[in-house]
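You will see chain A twice below: alongside chain B first, and alongside chain C after that.
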Partner chain A sequence: MTSYDVIVIGAGHNGLVCAIKLAQAGLKVHVVEANETAGGAANNREFAPGFTTPGCAQWLTQMSPELSRELKLEQHGLEFVGSNLPTVALAADGNALIIDGESVSGANVSAKDQQALKDFRRLTGKFNRLLYKAFSHRPPRLIEADFADRWQLLQLGLRMRLMGKDDMNELLRLGLNNIYDLLNEWFEHPGLRGALSLDAVLGTHLGPRSPNTVFTYLQRRLAEAWGEGGVYQVKGGLGSFGDALAAAANAAGVSIQYGNAVSQITMTQDRVSGVTLSDGQSLTSRYVVSNADPVTTFSTLLGYQNVETDTARRVSQIRCKSGASKLHLALDGLPEFTGLSLEDLGHRLVVAPDMDYVERAFNSVKYDEYSPRPMMDISIPTVRDPELAPAGKHVLSAIVQHAPFSLEGGWAAHRDQVISDWVECMAQYAPGLREQIISAELLTPEDLQDQYHMTGGHWDHGEISFDQVLMMRPFPAAAQYETPVAGLFLCGAGSHPGGGLMGLAGSNAARQVNETEKNG
Partner chain B sequence: MSKTAPDRTVEPVLLPTPFYPCQLAANELHDWGDWNGYIKAGSYSDVELEYFAIRSSCGVFDLSPMNKYRISGPDALPYLNRLLTRDVSKVRQGRVGYSVWCDEQGQVMDDGTLFHLGENDYRLCAYSRALDWLSWSALGFDVTIVDETEQVAALALQGPTSCSALKTLALDDLQTMKPFDLRQYQFEGEPMLVSRTGFTGDLGYEVWVAPDKAEALWHAFFSQAKDYMPKPIGTDALDIARIETGFLQAGDDFVPAEHAVRQGCTRSPFELGLDWLVDFSKPVFNGRRALMREREQGSRYRFAILDVEGNKPAHHSYILHNGKPVGTVTSAGWCPTAKTNIAFAQLEMPHGAVGEQLVAEIYYQRELRWNKVMAPCTVVKGAPFNPERRRQTPAPAL
Partner chain C sequence: MKKYDAIVIGAGHNGLTNAAYLAKAGLKVLVLERNSYIGGATVSRELHEGWTYSNCSYVCSLLRPEIARDLELPRHGLQVVPYGGGITFMRNGDHFGKYPDAQRRHREMARHSQRDADAYERFSADTMKQTRLIRPFLMKRPPDPTSLHPRDLKELASYAAGFMEMGEEGFADTLRFWTKSVADYLEEYFESDVIKAHMAGSGIIGTALGVYSPGTAYVLLHHYMGDVDGNVGSWGFARGGMGAVSGALASALKSYDGEIISDANVDRIIVRNGQTRGVALKDGREFHADVVVSNLDPKRTFLDIMDASDLPSAVVKRTEQFKIRGSSGKLNIALDGLPTFNGLDKDSRLMVGDLHFHDSLGRLERAYDDWKDGTWSKDPYLDVLIPSQFDPTVAPPGKHMMSVFVQYAPRKVQGREWTDEDKAGFEKSVLDQIANYSPDFRDLIMHVETRTPREIENEVGLTEGNIFQGELTFDQLLFNRPFPGYAQYRGPVRGMYMCGSGTHPGGGVMAAPGANAAREILRDLRRTNTVPEGYADD
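Take a look at the complex of A and B:
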């Protein structure tokens, strides 16, 4: 039986970041991954012969340059074919809106809106710098706070105050608000409002009018903290990001085992003592750090009967149903989007013509229906990275919302219809699209759950909502990565500050394991 | 009393128990109160006489309002072991066990008795409504939990003549039941569960029947056992008896954790003197982690039984050490049989060691005038009332 200091469950990006940091601190770390590749939701998927697409996440948006440098990811093979790319808000008449950082053009956008976006970005950038500081540390405890917690809170309060009275007041006013009201206050162009609102609801089970969506917007736009607003395209697909992390992990002395899922977290008396794998193998360790979502960790891997009632109760109440699904199209040629240049096609294309459209798309999911007119976040990765498809062919990858986790009548019966409806929706902007399709694949929230081991198919491992963030994430007694079960830590997106390929949950968790190791 | 009931113009808030018609007929005082939403008798005639019935003949008490939960299914044992602090596997079939259960902070949510009725079949009797907590606790377990408070009527028969009195209902070999045994008997052809349990620290039994048998049981018992002088008793008399024998009353001696609003007002099992109910050899149970920490770091309070000088009950008194308050009294009373003035106190650590001399600051009113007594008191080991017959098997016949 092999014994380690730490076993990390899952080679997702947070698991690997955590593993690297623990190995660098001198611990013997082993990572167990169910799939055949590293990266978790940042992976590649050959969905048709010769056609490769990012399987879940498709852009890198929230990874801080600071952490990337620290992990030496570029030395380990991370390359970008597109950096800080603009967003193109599609319009059926071809008069698309192009949002590039703080500037916006096209679609007869007014000078007033152009100026407003600059001011808006200045304000949200400021909020995001505050958020980034809070995200880079464990969330403070409010009750039983120790000195470090009080210091954290004090710093947060001080930083908020240092934003200036007006901006602080503004943050307090709109922090709990919804993005619909906020964008209506700031902008007049429906297309601009729609495109901006998309980031607030992407991956969530929320619509623009849902409370809380200003916060999800800021969380999604974390890169504004370091002055960026665009998306990054990784060379070779997002799977290469996972590969670079795995290479960095190997270089740090971490061992990674693929294709073998953890079936159980084992306990000796009252503390975790290792894991049992699906092939029956047992590994022992002093700590187990789970990158799996909290519901999987506690209900499946540990078993609710092995934790106290309060833990089981809280975990069972975590809201983690996603509204996001993935549509992958293998195309015979480059699709023609009305009015877009070749360069535009290499950007992020969004379908969110106005906020009511996005809200309507959300309506359906509340009743376990899918939206035939969904909002979309589209990437055609082969424009910048032709190697992902056979010569002359292209891949279109789209995050499509909203689709329910359990569709009325079941997904199997409606899969083809859903693909057809959504292609139809896309064809409003690219009329010849349907004829170019060689193969199509739909990953419903249910599929995303099964493929990526995320309960509810939620890539944040739990909704980013006020009752589930900061010291409440994933639940109060586990908010500082250490769980109520001795030796068991969480390091995934289900912990503060959530998912989105930022790696901060993993790095914060590593700090906490190290602290426990030092202080007992 | 008029023979016909007056027309009701309002719906009653409190519910009658299955024994209510019998209680109504027996209650000279109409001293009614609320217990768990049901009508209960505070006293029927005279509290002292009722108390002395418990100690010298047989007090009859309606405990139907007690919350009763049926817990069954393949995982009943592991479920209960995770729920309760004690090792439930030691409560064998046909036995009853006393236990407490805690929240995640290791604070006592309630105490109660667990009846091991059959294989994977238990009944938990609780002071507080617990269905919500019991249901949450069932996550991950294959168990069924049914609130059977309404489906079971119960009568406690407590006192030295209780065995002989109950035997008049043709309960063979009743005297061979050991304390905390339970046994199935029949009453009028229907099942009747008898347990040798009670809340008086005396020889006594609790009898559990279907509600439609309640009145018949009451009448049969009072007519057939009349030579053993059974007497209906209310909660006031019961309270004296339980204090005299050292039993805690949830809501009086501790605030059930789920009811507490203020932080720090709840108590752990250690702080209630119930260390013996906590079994750390179980790898997981609710409150374990917090209680482990408490065991290492020490408790905040200690439960103490005080022998208070004089005869003024130290209700809600401050307990002083060198003139400084170090605790409060939660239950107090003059104990007629033990002839001592007893108080249960919550004392700040390190106070409360057996033999410690303290002072109770007692206030009492006489004809609108407040009087104050500074009564010296001593921490004693155990409660003063603990008769041999409580444990004797076969039970003594009188």
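Take a look at the complex of A and C:
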């Protein structure tokens, strides 16, 4: 029987980042992955013969250049076909709005709004730099804080004070606010407000009017901390990002085992001792680091019978509702979006004509219905990367919200209707779209759960809401990656600071494992 | 022209409380009221002969006992009659009765879900824990977290010490409670739709948010943190209607030689060289004082009766951004007799409590969706009470008075002013809702007073008709209420103060903002403090 220092469950991006850092610290690390490829939610999917799409996540936005450099991902094959790309807010009349960093143009946007966006980005950038600092460390415990926690709190407090009294006041007010009211305060163009609000509710179970959405907005816009705000398109699809991470892991001495799921975390005398795989194989290790979501980790892999009642209660209360689903279209040719140039088509296209539209799109999911008029985040990856489809053909990948995890009446009965309704909705902006479709695939939250092993199909492994962030993520006793179960750590999106392909949960967790290893 | 030590604008319950404490400290105090009657939203009016409507606020629980006892309000005529329990009628003809008696409540809950019945004790204890946590803060001014003043630092440290006692888990529970939605909070304990819906109502009353909106669990707390005679969480009727509260406060004020002038419509606060000098009325009269206290909401205060040139531009901007949204309405109904409700005996214990008609969280949330779309709820959430069963003074013998609180109704209908047709439609949706569950209700109606946010705004002077003088969302609570930097009752001009529900700890007939503001004013004037400290709970 092979024995390791650390077994990492899941080769998602956080799992791999964590594994690399632990291997670099001299530990013997083994990663077990249920799927055949690395990357987790950053993977590729051939959904129709010859047509490849990013399966879950479709852009890279929140990974810091710092971490990317540190992991030497470019040396391991990470290449971009598009960097810091603008967002195009679609309009039925073809008069689209183009948001490029702090500039906005098109759709008769006023000079006032153009200036307001610059000022707005300056403010949010300031807050994001603070957030990035907080995200790059384990969340400090506020009450039972040790020296490191106190030091970090002091630094954060100092940084806040240094922003000046006005900005600090503004942060206290805005941090708790909703994006709907905030954008109404700042901008007059409905399309601009709509497109900006989309970032606040992407992947959430919230509408723009829900309190909490300024925080989710800042979280999603983390890249503003290092002066960026656009999306990145990875060459070869987002799966190549996973492959690059796997290559970096191998280079660091990490072994990765594919196609074999962990069925159980094994315990010996109240301490984790390794894992059992679905084929019955047993592996032993001193530490187990789970990149699986907290609910899966505790309820399925460990079993509630092996944890304290309080831990079981906390875990069972974690909310993992997401309204996000994926629609993949294989197209016979390049779709024609009214008023858009070829260059525009290679950017991020969004359907969010105004904030009330986005709010209404959210209404349905509260009642386990799907939005007939959803908001969308669309990528046509083949514009910049033709190899993802046969010559002359194209792939359209869209995150569509909202769709419930359990649709009233069941998904099986309504899948075709939903696809048809959503294509219809998209066709308002690209009239000939329906005729170009060779094949279509819909991944509902239920499918995302099954394919990517994320409870609720939630790519953040738990909602990013105030009651589930910082030292409450995923629950107080496990917020610093070390869980109440001796030897078991968490390193996934369910931990601070959440998902979004940041890799920060993984690198923070590695630091914590190392510390435990050093201090015993 | 007579000169006063302090002028309070608005004879609402907070204005009267504030004035009473200033007068008690020996100041010469004048209260100016726009209407011909006092009380603001704490008012009783005979709008149909023989009936007394509490036509805004309608029940009493939050009124701080420290104040009631200190100002001897019972001696000035205030009598609060406790009531308990409530019922939610279901579409299937059944109902859920929340009996005040613990055993009976347990049996009734178990009829819907054994698990819920067993969870109730835990829910109750957890909620009460949060309640006991917030109660000591009610009679204190919130510290300014950005200030380095020793007083602020000391108070912040005392808050921090309070949190330290809770431990990491307790602290996390509190933070979670403050930020989550009432639906999420209830779903951690209960499974039965009707039980969840029955309790969720308190999370949305007066609030432009839905049961699924983060932050509404706190609003629930806002309805649990009061007490009647030390019985925390209990509610009662003021005998004679809510006007009895303001009447008693006014009587207390007069006993300290305070003055009230009604029909005095304030035009503006007079400011000279950065110092408040008095108040000018619309009819040209002027009253002078170096201290002016506004009981009006922040919008009315800073945008209507103050000149922008007297204010820092940041304050004007903050005021414009302040959220004060009309979301509720009210119907007051004179009845020829006690209506019967489906499946309920006329002498049932439950008839004296709150009557509700929403049996699922989904229905509550859809009521909010209507509001977001700019219209009144077609299936409105109602909190119905028939106080005449307790209080013989509000209706003639054999007759009854029904108070119907309605959630949701927007201040503007699809962005335009309410029309008479809209108002009739709003009224109909409410009466239909009740008639669905009471066969003889319609025949008993003798008079209906319907109040949309428009009426509430125009009569009471609450912007948008918001009953709390500003949303109780966490960006507008504690040191953020009404806005950061001005949460300590002091206005941006020397001698100018705020004492309304737009300041900490917010709305409800609590009187704490008025008392807390008085404490700060007396401090600034270097006068002996007359305002009591909060009672300890245990």
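The criterion applied here is as follows: the second predicted complex is superposed on the first by the 520 of 520 C-alpha atoms of A that agree within 3 Å, B and C clash if a C-alpha of one lies under 4 Å from a C-alpha of the other, contacts with A are read in each partner's own complex, and residues count from 1 in each chain.
As a convention for this text, a residue touches a chain if its C-beta (ideal position, glycine included) is under 8 Å from a C-beta of that chain, and two chains touch if they have at least 3 such contacts.
For clarity, every value in this text was computed on a predicted model and none was experimentally measured.
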Using the superposition on chain A, decide if chain B and chain C clash or fit.
fit
Going by the contact rule set out at the top, does A:Met267 touch chain B (first), chain C (second), both, or neither?
first
Which partner does A:Ser299 contact after superposing on A: first (chain B), second (chain C), both, neither?
first
Larger residue footprint on chain A, choosing between chain B and chain C, goes to C
Using the superposition on chain A described above, determine whether A:Ala477 touches chain B (first), chain C (second), both, or neither.
both
Looking at the overlay, what does A:Lys518 touch: chain B (first), chain C (second), both, or neither?
neither
Touching A:Val307, do we find chain B (first), chain C (second), both, or neither?
first
In whole Å, what is the nearest CA distance you get between chain B and chain C after the fit?
5
Contact residues of chain A, present in both the chain B and the chain C interface:
310, 477
Where on chain C does chain A make contact in their complex?
145-146, 163-164, 166-169, 171-172, 175-180, 184, 188, 209, 212-215, 314, 321, 323, 362, 365-366, 369, 372, 473-475, 479-480, 483-485
Using the touch rule from the top, collect the residues of chain B that touch chain A in their complex.
75, 78-79, 82-83, 103-104, 133, 136-137, 139-141, 283-289, 292
How about chain A: which of its residues touch chain B in the complex?
267, 269-270, 299, 303-313, 316, 477, 484, 486
Chain A - residues contacting chain C, complex:
141-144, 161, 165-166, 168-170, 172-177, 181, 185, 206, 209-212, 310, 317, 319, 356, 359, 363, 366-367, 465-467, 471-472, 475-477
